[in-house]
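Okay, structure first, notes after.
Each chain carries a letter (A, B, C, D and E) given by its place in the written order, and its residues are counted from 1.
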């Protein structure tokens, strides 16, 4: 009981400390000086309509690179953790095969989802969405098949190969930017293309699709590791 | 030229490609990763070189200028920090690839490269949010590495780590968000440049808390300990060395931001860092798991580095080496100190973590178990040097850094800071050395041997068991060995820099250690090594002869010549005894250095060298584990007190006293003496001669040199007149005389010879302290006289006893008896020694007594004189007991039939000492005149009417003519002898038991040799004086610190939620400390 | 516009508290998914469509899936172990 | 509107933190964590929000000229993107650690997982 | 140079001859006094002469080793040395002995020389009773050493010098200048300590005739015993002379024979005091005697010393 009271008291104190952060926050009408630059000259620099994407991919490209590594490290960690998980036999054979309805429905839905995912990350620089969202959609497509039991498990070789290649080429593009254009991860070594075309805004779409592929394959590998009975050798 | 961004790209590429490349072949990825890691290290070194010319390297990303895009910058501090990180990364990578049991596969290696990417990003990036991303990369790859451990509790540790990591990144993120809201910028340099900001206190508070929680501050570091305990040693090394170094560099990067807008925060962080350092060390004492103890130690070291960084007065020291390095690397002194501490911690701590990999079990060895690595050089040398480095002992960088910090604190009068650091590191010394000593303890060493072991059934001591089976460390020991070699070379470089101004001589002991260790390695026969040692000593004496003045000449003779003669004793060694000579020569040379140092740093360096080398000599004893722990604890406590006084520059009122206490501890005065008997007696026989006859004078010599400071009163500025009038010398005098009495009394009731001699040394040192504290010409001459003669007769005694112990195999006196027939020469040398020691006229002892009483009477200390006479009477008792029980009385039948005289090599030094004693007895002026010359500088003889008339020395009270006394004694002795020879023409020799035994025939020597509990009646009368008091006092202190440590560690209850709760408490505490209100 | 956000805010708060204090873990997981789903709605209103899509896809969909998988695995482990205890108790 | 968003963010964060600290069940703690993360994301978006702001995507409706006037600040949304992905990574990893912890000591109560202490 | 050595040797012989005969006769008379007190007629006064001559004339002898052989030599050297370092008659060249080589400290520590020799000889003899006796003797010696040294310190502090001649010189001019009257506590402590030194009854545990037949010299016989008995006489004589000089104004008179008379009379009284105490008290155990000496005598000594300090 004492612990509970102590907890409440400390939470109240913490709230009191952070209270001054809330005062004086009237309606924000102006944007920060940094944002003003992006809003005014962001489009001219990179010729990409979706400014958030241009900030995410080029201006703060290192963040995204870091983010991809975070996902990669987390995936590696999770797969290691689940690989070590001892599976007792009884658990394995309990689940029976997929019902007819489920199998056909899943196999019908998969291509739609798959294409939708690809659409998202190829149009990252035009409309909201991008590599990560697209990758997740692809992963959920793969999840659909896994859960419905249509495929026993995603082939480990394919996903790790895809993942590695996408990551490596992402770094390659970064280096290309360094040597061909003005700096690491600078997309402008490819042509700017005309406004809101698929192949416009330099290498941004290429980067975002690579990220999409990498995220997609990584997450499906993770989901496969978590779900599959056998536990990949 | 490799720009920072290329390093990041390379690490990333490796991380991504390794799992795939693993399919190609295991060998390939191993060599590839090692190559890349080596490349990183080379790149960081090239940056250091380049920065020297062009200043900080800035590399932009995404082709735009800083605020718009993220930029990385590497200034000199970052470059050197990264060099450390990449070095440890290379070593730990190599370790993990080749260690037997938990070899890293492809996935772990890619996680490892992701970690290195995170760390380098952390250090380089100038963008605050980017810092958050790299912090996450580091933590997540660490979680991943944790998964690949072997201890199944690692997931519980990992879970707690994640909760703490999650909360800290949450706070950090909120901090960055609101910082962006206030300043509109994310780039660190731009925010700092913006002046006149609204109050950024809260965002900066959250930001700092985010970083600090990752650095494991006091209340909120339970999770860190669980991670250290459950992770593999390899991962533990990575966390404690690389992770901490990177985060400290990040904290240093944020310092300008905090100083600009949140000064309260810096103060709060200082307090927290100090708390972490002190309490982590305190809790470290109670640890049973080796890795958890190392966890506590790395928490403490992080706290120490932060404490030094944040304290305002840490960079004032103008120590020579420090300023040279600072100018070379274009860093300011505080950064150099921080860098030194970082390197010291990173390399030493990772070495220790790797070494725990080779121990049989993680739990600390109990005191009764056989250490895994008794005498196994392969493991012990790196472990020993790593422990030395961590406890900031010479010659490692930690020592120089700590010296710089303490002197700058002293200059700024920051006494609190000094106290925290010194007491904290004393605690650390305790548990680190305890761990090291236990791993090398001998099978038979009960771990609690500080008093003589008297078996109940009087049976002779069991023959010593052969050295236990020791584990051969796999050749992967190269990783810790390599890191220690690098650390030592850095330390030596710094040593050379700071001692180059005319004090190169002080580096000789280290050179000697290396040289003689080399001789050990190439297994020269021991005799050759011994001759080389003597040659070395002779050369050294010749070298420093020029610089010695009168006073140092005397002590030079005691230290160098005394030990030279005693080196003969070592010739009777048949087995290799590797490790004995290097440390012995190092100790003697560092003692010699005490004579020729020029700066307080030079003095303290040689003092600590002496402590270290003598510790490694004491630890060789068969049952010396407890005694050596006590020895190192007391010596270092004394050394820290001396360090405090030196840092304070003797300005403070009590520094004179603290300095004196530091020296008294080293000399073993009453109250601080409990380490002395164990250290002198339990060490090997040859070593104990050096310890008791030569080493014990070191403290006395320093007393003489710094005599100027003892003029102060004991309670300066004390209110009433009486208190103000007590000066330090009166206190020293009483301590001296009580030590003399206590030493003699305690020696009286010992059964073990070496303990008797140890206590007798303590008594003699008491006399020297008394004589010194008289502070008059005669007083100082007495002290020097006693010092020289003590060397002679104590050396004689110990060497003779060493011979006896070697022949009889036992140290218990009642088991011997009647050895005069078998070992006559040893008998003569012991006889001469006890006559000299007890002050019986013809020999040198009486000179000492006469000088002492004349000076005491002159000074008016009559009570001291009375007590001194009583204790010299008591000294006479235990000396007779010594000679009677060993040489006279009934020899044991059967046991010592075939023993021969002590080996010739033992007898030569004894003969030399005997001749010197006879010489000084015949012509006392030979000894007293140089002593007077030495003392002349401070106290002129004429002032006290001390004069020479022919061979009679006159003092204001009495006179004494040594030669006349000798002639009269000779005459008075020879005439009766001649009379007896004439009268007793036909004397018949008889066998053993032919005695008048009331008509019975005694058949068992055990009953007729009166030896056991020789002075039982004296024990009944005055036994109460010798009850164990000091022992109980110090045990009480240890127990209370243990209890305190127990109290502190109870906080870490192991429950993940409580740890989260601690973090919230930490936030509130931090806010309060930073001066915030609610 | 303000009112819609206020209503959505209240929905988030209620479902968050529900997630923490409901009896069955399964419904707790669903409730936490709902929290991030409603949050993505708020993001749309706050003029950040990219974030809304990410929050929707990652925050609500994927996190909930991972929670469910983990929960299934855990409940099965706890179940088999209690079985073993009953057997040998 | 911004005021509302900030208050909402702090409320959600408070609930999340309370969940971590008070609820002993492992899964509930992790749920508390994900709620705390969501709270932070709302806060970040609130930082970037502008009165009557529209999405910073230039299309026919929003020409380059007006973007400066009423587009929302793109930087916090970029930050949120990364934060969400990192939040997912940490939560997923925490869940897998929780699974392995339960396998080692089959109880869901956080108090019982106290093998490492003192 | 040679003549001064010869005269010096002659003077030494004379003073040796005087002290030897006087002490032997003194021992004889005191033994007779003791017998009279116990109602016996007692032995003739010259009995010690007979013992020494008999012992030295004995033909056969046994030695237990070198140290046993040298034991009595050490012992006698100690007795003689102590005597020779004390100036017997104040002012006379004959009886100044070798006091030029050292002051009262030398004499105090030379007593140890004799003790050590005896102890080593006894130890070598192999008889258990000897070391027991030696242990008791030494233990007791440290105990009475304390009051004695305090007394000497008090006297030295009073007259500001350790040399015996100066101390005696300061006490000239009538009995009221003696230390006994100017510094009574010192004299009391000294005299009580003298009881311990003289191996008489309250403190005769060392030789304890019934318990450990005469303690240390148990195995001594023939010429060894003779030498010990000569020493016993000379040593007592030396100690009495020392106490006379320290506390009772020494023997000082222009005419040498009257000075000798004064010396004999004073030392006779000192020794008589010891014998009186000896016959009237039973024997202390060792720890009792240690506790006794560290009690009242030491207190008296302390008072004497503190008197000087104030």
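Annotations
The working rule: a residue touches a chain if its C-beta (ideal position, glycine included) is under 8 Å from a C-beta of that chain, and two chains touch if they have at least 3 such contacts.
Just so we're on the same page, UniProt names per chain: A = Multicomponent Na+:H+ antiporter subunit B; D = Multicomponent Na+:H+ antiporter subunit C; E = NADH-quinone oxidoreductase subunit H.
If you're wondering where the values come from, they're calculated on a predicted model, not measured in any experiment.
Among the remaining chains, none touches subunit C as well as subunit E. Where touching is counted per the definition, the chains common to subunit B and subunit C are A, D. Greatest centre-to-centre distance from subunit C is found for E, with centres as Cα means. Taking the CA centroid of subunit D as reference, the farthest chain centroid is that of E. Of the two chain pairs examined here, B-E and A-C, the one linked by more C-beta pairs in contact is B-E. For this pair, subunit A with subunit C, the centres built from the Cα atoms lie 19 Å apart. Inter-chain centre distance (subunit A to subunit D, centres taken as mean C-alpha positions): 16 Å.
Distance between subunit B and subunit D, defined via averaged C-alpha coordinates, is recorded as 51 Å.
Between the CA-based centres of subunit C and subunit D the separation comes to 12 Å, rounded to the whole angstrom. Touching of two or more other chains is recorded for residues 48-50, 54, 58, 62, 66, 70, 73 of subunit C.
The set of subunit D residues that touch two or more partner chains comprises 1, 7, 17-18, 21-22, 48-50, 55-57, 71-72, 75-77, 79, 81-82, 85-86, 88-90, 92-93, 96-100, 103. Contacts with at least two other chains are made by no residue of subunit E. Which chains touch which is summed up as A-B, A-C, A-D, B-D, B-E, C-D. Interface of subunit A with subunit B (complex): residues 6-7, 10-11, 13-14, 16-18, 20-21, 32-35, 37-38, 45, 58-63, 65-67, 69-70, 72-74, 76-77, 79-81, 84, 160-161, 163-165, 167-168, 171, 174-175, 177-178, 181-186, 188. Partner subunit A is touched in their complex by these residues of subunit D: 1-3, 6-7, 10, 14, 17-18, 21-22, 48-51, 55-59, 64, 67-68, 71-75, 77-79, 81-82, 85-86, 88-90, 92-93, 96-97, 99-100, 103. Contact residues on subunit D toward subunit C in their complex (touch as defined above): 1, 4-5, 7-8, 11-12, 15-16, 18-19, 23, 25-28, 30-32, 34-35, 38, 41-42, 45-46, 48-50, 53-57, 71-72, 76-77, 80-81, 84-85, 87-88, 91-92, 95-96, 98-99, 102-103, 106-108. Residues 1-2, 5-6, 9, 12-13, 16-17, 19-20, 25, 28-29, 32, 35-36, 39, 42-43, 46-51, 54-55, 58-59, 62-63, 66-67, 70-71, 73-74, 77-78, 81-82 of subunit C touch subunit D in their complex.
Across the complex, subunit A is touched by residues 5-6, 8-9, 12-13, 15-17, 19-20, 59-64, 67-70, 107-108, 110-111, 114, 117-118, 121, 125, 127, 129-130, 133-134, 136-137, 140-141, 143-144, 147-148, 155, 174, 178, 180-181, 184-186, 202-203, 205, 1061, 1064-1065, 1067-1068, 1071, 1076, 1078 of subunit B.
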